Structure formats: structure tokens, C-alpha cells
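Note that the chains take the letters A, B, C and D in the order they are written out, and that residue 1 is the start of every chain.
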Amino acid sequence: MIRAQPFLRRNALGLIGLTILFVAVACALAAPYVAPYSPTSISLVARMKPPAWIEGGSLSHLLGTDNLGRDILSRVVHGARISLAVGFAAVILGALIGSTIGILAGYFGGWIDSGLSFLIDVQLSFPFTLLAIFLLATFGGGFWPVVLVLALATWVNYARVVRGKVMSVKGQDFVHAAQTVGVPTLGILRHHILPNAVSPIIVVASFSMAQAILTEAALSFLGVGVDGSNPSWGTMLNDGRSYLQSAWWLTAMPGIAIALTVLGGNLCGDWLQDRFDPRLAR
Amino acid sequence: MTQAVLDIENLSVTFRRGGVPVRAVRDVSLRMAPGEVVGLVGESGSGKSVAMMSAMRLLDEKRAEIAAKRLDVDGRPVGGLGRRGLEALRGPVVSYIFQDPATALNPLLTVGWQIGEGLRRHRGLSREAARREAVALLAKVGVPAPERRVRQFPHQLSGGMRQRVMIAMALSLAPKLLIADEPTTALDVTVQAEIVRLVQGIQAAEGMAMVWVTHDLALLARLARRIVVMYAGRIVEDAPADRLYAAPAHPYTAGLLASTSRLDVAFADQKPIPGSPPDPALDPVSCAFAPRCFRASERCRAERPELLAHGGRRRVACFHPLAEAEP
Amino acid sequence: MSRYLAKRLFMAVLVLFGVSFATFIVGHLTGDPVALMAPENAPQEAKDELRRHLGLDQPLLTQYARFVGRALTGDLGHSFVQGTSVAGLVAERLPATLQLAFAGFVLSLLIAIPLGIIVALKRNTVWDFVVTALAMVGQSAPGFWIGLMLIAVFAVELRLLPVSGYGGFAYLVLPAITLALQSAARLTRLVRASMLEVLGADYVRTARSKGLRERAVLVVHTLRNAMIPVVTMAGLEFAELVSGAFITETIFAWPGVGRLAVTAVYQRDFPLVQGVVLFAAFAFVLINLLVDLLYVAIDPRVKLA
Amino acid sequence: MTSMRGAWTRRLFLFTSLTVAAALGAPAAGHAQGAPPVVIASSEDVISLDPHLLDSNNPTGSVIWSIFDSLVRRAPDGSPVPRLATSWERVDDVTWRFKLRDDVTFTNGEPFNAEAVKVNFARMDTAPFNTLQQLHDQTGLKEVRVVDDYTIDLVTEAPTVNMLYWLAEAFIAAPKYITDTPPDEAAVKPVGSGPYKLGSWSRGDRLTLVANESYWGEQPSAKEVVFRAIPEMSSRINELKAGTVDVVVGITPDVAGEVTSDVSDVVMNEGLRKMHMGISLNGEQPALKDPKVRQALNHAVDVPLMIEQLLGGSTSQLTSIVNPPNNNPALKPFAYDPEKAKALLAEAGFADGFPLTIQYSTRFAGGKEVSEVVASFLEPLGITSTIEAVELGQFRKELSAASLKGIYFQGWAALINPSVELVILTCGHVDNSSGYCNPDYDKLVKEASQTLDDEKRKALEFQAQEIVWNDAPWLYLWRLPNVFGISKRVAYDFRADNYLEPYLITVK
């Protein structure tokens, strides 16, 4: 009847979140045009220059330079590519796996449901961080391994939500109707069940996106993150951690980028959750 | 004249949502004598529940703005009551039966506890005494094996059972005014009749005043002596039941009667009112019913009719009433 | 009631089996522990002998069967690297981990529950906005960043607290706060949301309609109901704290199970990794069982489930 | 073990009874009366106190070195110093004779004698100890002969110059105790004859050593020494600055500046590990087979600038693959000369450069930075690099198989022993990860290792050094610098090999 929060403010927060994400994505896509320098161009004689507004800084490096004299602004902008790509790829993969399992479990029920639910239980009982370190330390880090591990960690969230949604939709008349007129199972799944499960998937996805970026940073901290020629924000944070006290900007800049993007994801998640289904469990 | 048990003058309730005010109740005036039974009818969203809840100040006042020239219950100006005053009013003076007993009862507490709570608060009964009283009340509302039931939780009871618990709760302090807010809509048809009979019997026995809020005119036929019809937040007709049924004065009332399932009218003859109620966010200066009214004139679309006496005990807000005023 | 419990227990055991099998397979299909244990220039024969000594030359399933058989008697095998019993190593670290997890958990509840309730009651005020925003930001900031910052401020600049290590109460403060802040951020938001939902519930209005005192409405009719989702989440949080405090333990040189696990993973110390994962899964399952029991205590509807 | 278990169950009980106060009020680590203990912070835990499972110099090695004695001590410059052995001589080409101290007892009262040495050496040659103990493999030791109670002969298969070197890490435990005690228990309750004995050990947190009053040598200045494991480097430095730690091991050179404070100083020394970018001759880039290309790589990188900027000038360039003082002084580092590098590449037929993979592992700090900087130096030559982090286990596997892709960051042989340092680059050697193979070099190295005459051997070694230097199987970088933090209240002369000898620490 009457919403818990004023309409405008709820949307305002969502819009702020969307704006943040939009800016991040734009940075990522336009990185070569936005960044003033190459993110990998090294200048050993220009190391550890502070941001422009600190004494000793200069306008040529707005956010300062890192331990190898690379421009931090350029690295943060390019870092958006890797970090967001990790986030998106993990979300898509996790959503694919999780939704498929959720739909199968929810729609067919019976032993399939029991089996898949058991799988969900096992996965949930696994200490995730340990699993991630374990897998990455054994197989080595890198973009795809990290994405895979993140997807492995998040599919459960999709599976649970989707399974619940499918079970409730399954009982509704239009599904029965479709079944009685002989629509094949795949058709029912695609045209009747899946569309109804989309909104919870999107909500979980925006939270997972935020979580993925944060987890990537944590994995980098433990030395098993994405590590390549181009930096992710997590890698930058990790690289700069020895200089926390002497050159705080090495960690502060990617840290702020992470916090903002995660904030954006969480705000969007909250907002979508409110819009789609206020009771949807996190 | 005896003191009215409920005396409302020019009550308006406005909800604020994201800057757009929504006026759910507009300029409602209603006066009830002790022991009087009033049926309050209207479509959902017509403001009938909101009006009744504001009499008990049960609305969330962070969102609802209540304005009234007079809002008295049993002679007490409700609008000026502090927290203490309100607590003293709710229960012993006026109590409320909510529509859906499935959600209106706390799932984590035994029904005995929930019935006894008011008694302990207002009569200072001990836990044990309150429990005994709860057993008696359950017996009174026709719950079998009340000794066992008091220890049960709401989810262990059927829908009808739960509504009886709600009723027992509302009656526990013998209020002067009982507001029953569609207490049967959430129930099976067969159970509905039982509940109606139960409430009717208790009202007759105890003699308290009662407002029965419903969208079902037919139901009120054997319950209420006086019927008040609301549309788009306003009272459009207020008349003794027999005269209203016999000859509705407001076209909306007529429409309601025509659309009501009555056993004596063939299904084919039941006519729904065309169109739908106006957006409550709008605040027309015209008659709100005009767009759906078959008698609407230019005047109806330009000016709003006031609720005026239409004969002795009748009030109507219409420029073109169907029934002639009676003396 | 007993059937419900029996079913839960059975599931728990099954889950532990699943976890142990998965760990075992993943662990053994990858990498050669001997390559990491032996020094850079150890001779091949010595490496082969070590492999035999550790039983790594046996077929996988044999190794697994032997592992499960021993595990049932509480013997989780021997650490390749440290040469001592895994159960002993885990047990040795357990007090530190529990101490930290428990302190972090209690602190987090002490922050989250009152704050969440107050904010819910004062919703849409400046307080609400500030606290919700802080919780959002707290949830968005990487944990190790918070930890390192706390050290820089309270230990190095102000010298109020020790930088790291394990000892008395003073040593516990910073790591516990680091853990608590993040978990508190999540829980505060949950408590607020849950409170708001319950405050808007019909039965709260019913309680008010009975003329109950506002405090009674809050305590009897709101808090308990609002705590139901919080209990689930808090259980998960606690389990996460017990099994997942790797980063905090690393930063604060806290001799807990988390650090043991990380080291074991890097050293490819299979028996130790297995032991820790099993322990963590066990803790998780146990805490969830406790949460289920707690449910039965606070929610009468659960008994039917 | 049982007593320990009792302790934790009791503590666990405190928790389950939900007494917060009790849980939070766990007792602080106790201090002995008198001077506070000397606290040494390292990144890693002490792994095991079994003297024959020693696998790293610090902290495990430092602790074992303090609790146990070996026959010979290795001085910081690599030369042998008497310890449990008072003197030694070569009886013939394959027999070494040692005279032993007759005044030593182990802390459990067992006497030290020739039999004790025999028992311990025998134990080292069995699994699982023989993967970590290299005495037998490296020296060809085949027989331990007890001559009398305090004289012992060590017989090897072939003449060896390495006996004294490896004896320094062959520690002697109380023979009866080590034989009769299950390995589990021996690993946590060591019984030796060194300057310290174990006080207490809480794994993952701290290990306390207390002075051994019955030690045969001089009593140490630090009566109580605590080894703490603090994995995070910034935490170790912070502890030092806060005055709660006295010695910090494992600081990367680029943050050395942060170590100095009003209570602490930084100490840097050039370590022994020779850091380089190994050049994989059999990897995916065939250009690397050409010595001219490898020389070009060496000319292309400005190593002095890297040392200056990245390492704070804390170390110096490699001048040979053999550590001083045994290096060939005639060899000079490749000069930074991009033009010459280009010319060399053109000569080799790669004027336009080639793609190259640069790999590093987490084994050595700074691998990533070094790889990135090297890549940026190679870029002007048209060499386009892809940088890859390789997981440590995988990295080691590929090192042994000499199957890395292009060039890789690695450090070898933190020791002072030309024979061992040279053998690494012989054909097919397990550590020859670049796959370098030059028969002339192999011949010289082999000849040198069997030459007992010091001067002649030195000449052969110099020749070998020169060959391999110019063949450039490595992109030569620097000797891994060691950076230590030390509090102003203690004094200690740090060793280049990272072993700490707490009994040499002076408390001011």
C-alpha cells in the first residue's frame, strides 16, 4: 500500500549507483582516450610522485605516480577494464551456472532437486576464501582462473533464488495450461519460467558484481589474484601496500575506485531489489 | 442529546509520498450514538479503513497527516492525546478487528498471550488471571477446547479460528466502540456467515457501538441500522438501512446495489459500475463520481456537491439525487 | 522435533562427506607436494622415497578411503611440512581463532543490533541516512585496507595498542574491530531492513490497537520477529569469521586457523589443507545446526518443518 | 601433545560457556625477570624443531642453529670455524678426520661423543630427512667411522672439497633421545647442546629460547630470545618502530627508508643469492639460443639504475656467477648500451626484435616490478614482452625441466662455494634451468671439483667463470640485498646468508 521510503529518495540512490557504474564502464571502454599515459610506461626517475595537490606533485600526474614511475590516473582508468571485466565475466558465468541449476532443480523437483540442493549445501559449507586460495595457488592466478573461482563462489546465490522463484511460478495456471496443451519442456522453461526468474537474477547479479570486485582485491592481497601486464585495481592495491605509509596514494586511488564501484553495485542492487521484489532474500 | 461515542467533523487524511500528497480521506464528518451500529461501505481505496484507523490514531503519522475540526471518541479529543492518553483509549474505549487474521496476529506468541496482553495492561491482571480470562473469552467467541487453544500459536489455527481470536481480543476489554474492518473478507464463505452471526450476537448482548467496514452492501442488510457510503475519500450518502436499500439517493449507492450479488436478483441483471475510481492523488473540484455517473450534468463536472441533509435522517452529496427527500 | 533434528544431522554428515571428497580430489589432482617440500637441489631418489614415505604413491581412492577411515577416529593425518599431527595443529590454533571470531562477532552484534534498531525507528532522518551510508561504505571498503589503516593510526601514530601478535586483551582490540566493522556493516543494514519490515507488519498495528505501551510493542512484538532473519545471517557471519579470517589474521600476525590454512595451501601441505577445510566445514555445519536450534526456540512455526 | 590438547580443551570450554570476559582476558605472554627478551620478527613461522628437517635459514634454521651444535660453524664469509670439532685434517683423498670436544653434554644429560655423531648422521640418511639433509648427497659421504670416543673419520666416495661446508648444517641431537622419541615429539621438544634451549613454542605466534646454563661456550648476552612470526611486512616494521620488536628480517629494499626511527635503524648488506633473469635457451623463443642475442639483452637493461631506484642502492651488480671472494676479478658487468644491444641483435638477424615472455613467481619479492622494468628496457629493441606470473610449484617444476618460456626472474645459490655455484650451469644439471650447455665449461668445472690444490683449482674456476659469463645464459642483475631492521637497544652483525645467531646479539 504505502512504501517504506519516499519514492524519490529510493530512486535517487539507485540513480547514484547507476551513474557510478556507468562512469566506471565508460572509463573502461574509453580507457585509451581518457588516460593521459600508457598504464605500463615506466619511468624509474619519476617514482612515487605525489598527487597534484600535494607538495611535490605536478599537474602532469594528477594522481601521482607509483613505485615504477607509472601514472596512477592512467592505471586506475585502465584498471577499470580488468576489474570490471572480472566482475562482469564472473557475474555472467555465475548467473549462467546458478540459474541453470536453479531452474532445473526448481522445475523438475524430485531427486534432481535433492541432488542439486545437496550440491548447494556442500558448496555453502565450503569456506570460500580458502577454496579460492587453494584453487588459485594450485592452478595459478590470472584472469580466467579468478573469474572461474568467483563464478564458482557465486552460482549458489543465483541457484537458490531462482529455484525458489521457479517453484512458485511452476504452480501457476499459465504453466499448467502450457503443459496441458503439450508445449515441450524446453519451451515452457524458456518462455514461461525463465522470464519470471529474470528479476531476481538481475538483483543477485548487481550484488555479486560488487562482491566480485571486492573479492578480486582480497585475492590479490593474498597474492593469487589477476596478475598480468595490465593492472586490476586489486593488483594495484596489493602492489602499493608496502608503501602505505610513505606513499599512501598508491593504495588510496585504486582503493577509492574499488569502494566507489562496489558502492555503485550495492546501491543498484538495493534499488532493484526494492523495485522488483522487496521480500527477496539476499 | 447523549454524548456521541464517535464524533468526527471535517476529517482529512493526507499521505505524503515522494512529495505528491495523496488525500485518502476528505472532509468526512460522522457522528455515532452509543450502541449504534453503522455499516461503512465503499470500494477498496475509498478511504473507509483509513478514516476508521485515524479515529484510533493507528496510522503511521510520519507518513499520514490527519486534520479534523473534531475527532472525538467517547468525548475525548483523540487528536490532542499524548502517547499515554492514546494507550488508555485503545482497548477499553475503542478496539479494532483487522481484516486478515493471518497477518494481524503475531506468529511468535501464543493466542492466549495475545488475548491476555490487553487485560494485563489495562486491568492489571496477573499473567495467570489473564490466561484464565483469555480461556473464557475464547469460549465466548465459540472456540472449542479453549484451554488447549490458548497455548497454541496462530499458525496452528484455521482462518476462521484466528478471526475468532481477533474478535476475542477486541472484545476483551468491553470497549464502547468496536470497529470491524472487513473481518470476513479473508475467510471462506461458510465461515463468513458464522463470524457475522457471532459478532452480531455479541454486539446485541453487550450493546456497544459498532462500525462494520465492508465493500459488500448485501452483508450489511441484516447487520446495520444505518449505512454510510464512501467514494473517493468522501461520504456520499448516509442513510437508515431500510430506506437506503429501498431507495438509494446517490447514483453511486444505486450502482453499488445493482452490482451486489443478491439472491433475489438474477446474475444477468447484476450490473457493474462502468469505469474505475479516480486517482486519489488528483483533487478535482467537481463531483468525483461524475465521470462514471449516468445522471451527471455540467454542474457536476464544474462544482462539488456538499453532503447535505436530504430529508430527516438522510444525508446525500449529489445535485441530482435519485430518491426524493422524505420528511 | 527429533525427526527434524535427525534429518538435519544426517544432511550435515552428508555435506561433510561431500566437502571432504571435493577437497581431497582437488588437492590431489594438482601439483606435486614433493616438488615444493624438497629443496631446489635434492636428488630424484630422495624425492621418490619421500613420496613413498608420505603414501603419495598409492591410488587416489585408496588414499581417500584411508583418510576417511582415520578421520572418523579423529586422526586427520600428519602435516607433510611440519611433521606433526594435523588435528593437533588445528587444535593448537583453535583457541586463537575462536577468541578472535567470538570477539569480532560479539562486537559486531553490539554495533549492528542497537544501531540497526535505532536507525529503523528513526528512519528517513539524518541519522538514518548517515548510518546507512556509513554501513554502505563499510561494506564497500576492502577489509585489509581497514586493518592496515587501524594499525597506522592506533598502533603506530598513537601507540595506544600493539601492532600485531597474540596476547592479552590489548592485542585483540584491533583485529576484532577490523573483523567486526565489516560484518557489522552488513548486519546493520539487515537489522534495519528487518525492523522496518516488522514495524510495518499488521500484527504490530494490532499490538498498538490493544493500547500496549510503546516499549512493549517494541520489545514483545517487534524485536523478536525482526531477529529471525538476523539470526540466520549472524550464523553465517560467525561461521565466516571462524573459517574466513585469513586476511585479518595475516595482517595482525594472529596465530589462528586461517593463517595456518593459507600457509598450508602455499606449501601444498595436503593433509593440513584437508584438515583445515574439514574443520572449517565442520564449524560451518555446526553453527548452522545451532542456528536451526535457535530457530526452534524463537519461532514456533519451525517445529512443523 | 596430550598436555597441549588438555590446554586447548580447557580454553575451548571457556568459550562454550560464553564467558566473554574470560575469553578476552587470555594471559599475556610471560616475561622473565630482568631485561626484556630480544624479539626477532620474521615473515614465516618456525616449521619444525627436528634438527634434520631444517628447510630454511630463517627462522627455522636460526632456531635450530641456536639449540643444536654442528661439528663446524660456517663463518659469515663462508670459512669453517671449529664448533663441536676442535680440529680436522685430511687423512687421505677420501677420508676426513675430526677431533671432537670432550666437555659437551646435551641438555638432557647425555654426553656428546663420536657415537653421537654417527647416530645423527645415520638418521639424516633416512626418509623423510634425506630430502632436506644434503650432507650425504653433496659430499658423497659413505661411511662414518668411530676412531675413539672423541675422534671420528668421515669417508667419501670420491675426493670432495665440500665436506666442511655441508657439515655446518649437519646438526647433532642427543643420540639416545632422538632415536627413542617419535618424530612428532622430537619435532616439538628438541634436545641439543647449543647456547639456547627451547623455552616455549606457540606455533604460528612465537617461540621463546632461553640461555642454556650448561652451555660449553660463552654465555650469550641475550638471556631470552623470542622469534615471532609476523607475515605482513608493514606490521613487522611498525612493531620495530613501536619498540616491541628488536630485529626484523625480510624487508624489501624499496621501503628501507621507512625502517629508521628514533628507536630503530636499518641495516643493509649484499646477500649471496645471485638474482638474474634466466634466459631459457630451449623455450618458445629460438632467438635466445644465439649468444649475441643474450649479450644484447644484457646490454639493453640499465641495471645500475634499477639498483639505484628500486633497491635504494643497497646492493651491487653481479660480476660473475660466483660470489666473492671467489669471483674472477677480471670480469666486468655488461655496460648499459642500447646502441650496442641493437647492433648485436642486428648481427644476430633480429634487427626488428621478437616477442618474448617474461615469467616470475612469488618466490622472490619484487619479481613483478623487475619483470615490468626489464620489459620496458627491452621495448625500444623491438622486443615485445608478455609478463606472466607463475604459481610457485609450477615454476619450480619448470625450472627443473628447463622449460620456461622466455626469460624469468630467479636467484640461485646463496652460498660461498665456487664448486657448487659453478656446477649449476653444467649440461643437464637439475638446477640448470636455462638449458645452457657448453662442453668446454663442463670439463673445466669437473676438473676443478676434483683438484685438491687450491691455486690450480682457482685458476680452473676463473677460466670457467669467464666462459659462462660471456655466453650469458642469464641476464645478470644483482646480488639479492638483505635489509634488516634493528632496534637501538641491541647490536648485531648480520650475515649475508640470512641465518641469525642470537647468541652473538649484544644487549646494550
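By definition in this document, a residue touches a chain if its C-beta (ideal position, glycine included) is under 8 Å from a C-beta of that chain, and two chains touch if they have at least 3 such contacts.
From a predicted model like this one, the values you see are computed outputs, not experimental measurements.
Student: What chains do chain A and chain D have as common neighbours?
Tutor: Where chain A and chain D share a partner, that partner set is C.
Student: Minus chain B, work out the clusters of chains still connected through touching contacts.
Tutor: one piece
Student: Please identify the chain lying most centrally, where each chain is represented by the average of its Cα atoms.
Tutor: The most central chain, going by mean C-alpha position, is C.
Student: With contacts counted as C-beta pairs, which pair of chains has the highest total?
Tutor: C-D
Student: For chain B, which other chain has the most distant CA centre?
Tutor: Taking each chain's C-alpha mean as its centre, the farthest from chain B is D.
Student: Suppose each chain is reduced to the average of its Cα coordinates; what separation in Å results between chain C and chain D?
Tutor: It comes to 37 Å between the two C-alpha centres.
Student: Just how far, in Å, is the C-alpha centre of chain D from the one of chain B?
Tutor: 87
Student: From the mean C-alpha coordinate of chain A to that of chain C, what's the distance rounded to whole Å?
Tutor: 22
Student: Taking each chain's centre as its mean C-alpha position, how far apart are chain B and chain C in Å?
Tutor: Inter-chain centre distance comes to 52 Å.
Student: Multi-chain contacts only, two chains or more: what residues does chain A have there?
Tutor: 6, 9, 137-139, 241, 244-245
Student: Can you list the chain B residues in contact with two or more other chains?
Tutor: 60, in rising order.
Student: Touching two or more other chains, which residues of chain C qualify?
Tutor: 31, 123-124, 148, 152, 156, 200, 250, 266, 268
Student: Which chain A residues qualify as touching chain C in the complex?
Tutor: Within the complex, chain A contacts chain C at residues 4-6, 9, 118-119, 121-122, 124-131, 133-135, 137-139, 210, 214, 217-218, 221-222, 237, 241, 244-245, 251, 255, 258-260, 262-263, 266-267, 278-279, 281-282.
Student: For chain D, which residues count as touching chain C in their complex?
Tutor: Chain D reaches chain C through residues 1, 4-5, 8, 11-12, 15, 20, 23-29, 44-45, 47-48, 50, 53, 55, 127-128, 130-132, 134, 137, 183-184, 187-188, 202-206, 228-232, 234-235, 238-239, 241-242, 244, 392-394, 396-397, 399-400, 412, 430-431.
Student: Considering the complex alone, what residue numbers of chain C touch chain B?
Tutor: 123-124, 200-203, 205-214, 216, 220-221, 224-225, 298-301, 304
Student: Where on chain D does chain A make contact in their complex?
Tutor: The contact residues of chain D facing chain A are 233-234, 252, 254-255, 257-258, 305-306, 309-310, 362, 368-369, 372-373, 375-376, 385-391, 393-394.
Student: Which residues, counting only chain B, touch chain C once they are in their complex?
Tutor: Listed in rising order, the residues of chain B that touch chain C are 56, 58, 60, 62, 83, 86-92, 95-96, 98, 100, 103-109, 114, 117-118, 121-122, 153, 155, 166, 169.
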